[in-house]
């Protein structure tokens, strides 16, 4: 029997850029278990202090959840020694705003690690191509890839230099980085997909494989570039979720069935969020 | 805290070890849950709605969060009866809990075929879903009027000796009447409520959040409506009532039992707290103990209206 | 943040300075609110339900909190038409905002008398409450079927030239049909939703929380149902729709306008945040500005369903 | 135009007895304005820190109130110099439990002071008779009575000595106190109403007037004793509330109309919570 619900303790919290909040959470089991590309369903309802309730929100108060649903957030990083995991997220709505108000010492309930993450290739260079908040899951991916002895390259795209984040973290885990900005001012002016194409055309130690996460148009472009070069590409998709555990079927993603090539719905939360980019039925 | 509480209940001829049933559509076919929960601790498990043919379901987004609840528009995505019978039902039957199969169709003939074939299986009861708000044909169209319910139950009743539960929609003028219609045609129980038809709007894109435009509202938000309807149905019919809608805790479950439910179903709660599917039963036992009730079945219908 | 937004809307022939109306029963007769809010900033104020005779209302408790909402069973407590006309209406008419008088009765004759006498006053519109779930006679009994709505509106329509709004109940199988019934008999607008009939139970005392057993559910919990019904009514009729149910913010109000409401009412929000009665209008203006909408009336019915 | 909604800052919080929580809140305007017997409608939904929102909960998050309604809690005390007010309450349900989790520095939104409080007599001795949590509003009453030069006597009843609270506070503001406990062990074994009768029978400097708050049977007994002795008595009633401001009519209390003597409903929140005890239609 697997344990799904975990109660971690916030070690630190704060903003790393405007509207980009980071939570470091002590949760040793999750830190030990997590694979890159996996996510957690975070409970945004403040938990009472541990003196009130051992297991989480008091049963009596369970109907008072607000916001009601948990939020899917990728594991951005994990420190297996310290037993911590890191979530970074844009504070776009009620739930993420509530999460950003957590402070060191607060408790956080989450389900996870969940989902089918990135597969690490056996050898060669892993290129991670991320756009906007899509860069977050790629940090742990590159960290684990490097630990496995792979070459690591990060191509991250941001709206503007002021809205660029985790640059140093990515430098730490990558042999090479290329930071792109729509408005210029970083390594590359343009989108992450263009930066990636540029990197590719300049040659990388092979075999190359790609992992991408970000806006759909960007991922589609990356997938197309990979397909034309015969490079394996994994893409992390996003869909609205309720359970995150595969039971409610609300997180349908359109992918082509391996056998028939016909489009069918798979559950983003359990069959994904990471799919073979060639399988994805890009809209 | 000492005396054990007898949690067993009966829904007609069917005995359940406890009154907490995992609701249709919020438990898949049990496989994912079996990984993380001991399903044998459930009173029963009710399958995701099964149709004759496989269904892909609706386009995403299929979910919208609302205040104290959620809208879903899954649209009965399921592998179809054949694969259900082959792969899913055998798995469910081996879990040490009663199995209720929830079925849905476009036509009376669909329901007939489903009941005929399920009659030959080991399932413990069939729940006729006459209340799914998320598909264009059938389903809620049958369930929203007494005449529709009557016709449908009459069509399938002769085809199975399994206990037949009729799942009623709250999107109707009088649930007492639809419940009476089900009873009149020989249903063994009515279960209610399914989801309330609702809509969520993204004011910035000027679009409904759900690709299906509307969806079914579930969760604590609907509990007051569900309790009222369960109580109405309980007063209207002599057959057992299975109650649900927004149950998050054991005390919530007790409220439904008091209103006349012989058993309850837990749906949405399990999506946000996977342990809810069993913790509701534990909390119900605690509640019974605290309030000096030794047989949970004594709560059924014990509400004293003013 | 510069260009002013034109907040004015029309509900048929009635012009409102902004689309936010204080809902019936949650604003008394304006007196208490006038102390703490500038009522002239409201689009309109809708009176507590007025009946011919004074009514004491139901026994307490009359309120139960629910998840993201509340149940009330006030039972139309009011001083009766005579005192309303003498004391309350003059006060309301002097507040610099449009005045809608919400009326309720046991019989068609009650409604006729109410409309006849209000026709002679300075009120801006009459809202026929055919949807109060908390009284034994009349009211929701008329509103829950198209035939009931038709009979009632037909009875009163000839007696007043005031704009006649028919307030519909959500406790019905099809709000499109009751809305059409109102339109067919000459109503100037339909307003919806009134509260959903619900119940709260105290599991420890085994009693309904409300002395009236059932009550009307309002607040954010019902917003998804309300939005869906407003959209249904908007698609079903040509007369204006006044929308309400769970509006807490300007963006909520925008959602109702998009679904087809020409104006909105704010009820329960004002009970927990007295400023909500006006802040919703302010936030709506902010929302319009942010989204580049210069005339709020352009939002009405601008939803683009999938 | 009166201001109803106020945002105070919690100065201190804690439990004074099992399930009895105390909040001291900096809210100078309310402290200056409050009259004994008045109450506030406390918002139990945690407010974001002031950096997030000036006026209270973010408008965008307003639909996420949990619990939904405010809770009526009496002003137990006020320090007009320090600009603080004190609320003490039993943590009986979701809302009061949430309130008890507030910590120094947190912000609290409340409506108030609300309601028609106790009238202070011009002269003589004021006897406050309270039972259980009904003692709370009587502390400020006695403080103000003493400041006005009245004689002050407190008769407070508790379930047991272990569940007795604010004894020293009441001693501070009273010429004489009599603490009763159902189980004995304090000044008097029995109910507050009996302790009051006992006090009366032993004689008090007149004219005597009485203020009472607590369980209905106790208040009815006190009212009956007063009626038979011709002593004016004010009673503070309790009813479930939504708005607290007189607009929703859910808080009906049965009282006899002054003119006709016929029972009618008055609003506990605005016409009460304090009524002339002889007017109350005791059940």
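Letters A, B, C and D mark the chains as written, and numbering starts fresh at 1 in each.
Methods note: contacts are C-beta pairs under 8 Å (C-beta built on N, C-alpha and C of every residue); 3 or more make two chains touch, one makes a residue touch a chain.
Treat the numbers as computed from the prediction; the structure is a model and nothing was measured.
Novice: Could you name all chains that are in contact with subunit C and with subunit D at the same time?
Specialist: Both subunit C and subunit D are touched by A, B, going by the contact rule given at the top.
Novice: Please tell me whether A-B or B-D has the greater number of C-beta pairs in contact.
Specialist: Looking at A-B and B-D side by side, A-B shows more C-beta contacts.
Novice: Using mean CA coordinates as chain centres, what's the gap between subunit A and subunit B in Å?
Specialist: Here the centre of subunit B sits 35 Å away from the centre of subunit A.
Novice: How far is the middle of subunit A from the middle of subunit D, if each middle is the mean of its Cα atoms, in Å?
Specialist: Taking the average C-alpha coordinate of subunit A and of subunit D, the gap between them is 52 Å.
Novice: In whole angstrom, how far does the Cα centroid of subunit B sit from the Cα centroid of subunit D?
Specialist: 46
Novice: Counting only Cα atoms for the centres, state how far subunit B is from subunit C in Å.
Specialist: About 33 Å, centre to centre.
Novice: For subunit C, which residues are shared contacts with two or more other chains?
Specialist: Expected reply: 59, 64, 66-69, 219-220, 223, 246, 251.
Novice: Could you list which residues of subunit D touch at least two other chains?
Specialist: 60, 63-67
Novice: By the document's touch definition, which label belongs to this structure's chain graph: line, ring, star, complete, or other?
Specialist: Contact pattern: complete, every chain touching every other.
Novice: Mind pulling up the subunit C residues that touch subunit B in the complex?
Specialist: That would be residues 59, 64, 66-69, 71, 144-145, 171-173, 196-201, 203-204, 206-208, 211-215, 217, 219-225, 227-228, 231, 246, 251, 254-255, 258-259, 287, 291, 302-306 of subunit C.
Novice: So in the complex, which bits of subunit B are touching subunit D?
Specialist: 67-68
Novice: Provide the residue numbers of subunit D that touch subunit C in the complex, in ascending order.
Specialist: 1-5, 43, 56, 59-60, 62-63, 65-70, 111, 239-243, 245-254, 264-265, 270
Novice: Show which residues of subunit A lie in contact with subunit C when the two form their complex.
Specialist: Residues 63-64, 66 of subunit A touch subunit C in their complex.
Novice: Which residues, counting only subunit A, touch subunit D once they are in their complex?
Specialist: Those residues of subunit A that touch subunit D are 45-46, 48-49, 52, 58, 60-61, 64-67, 93-94, 97-98, 101.
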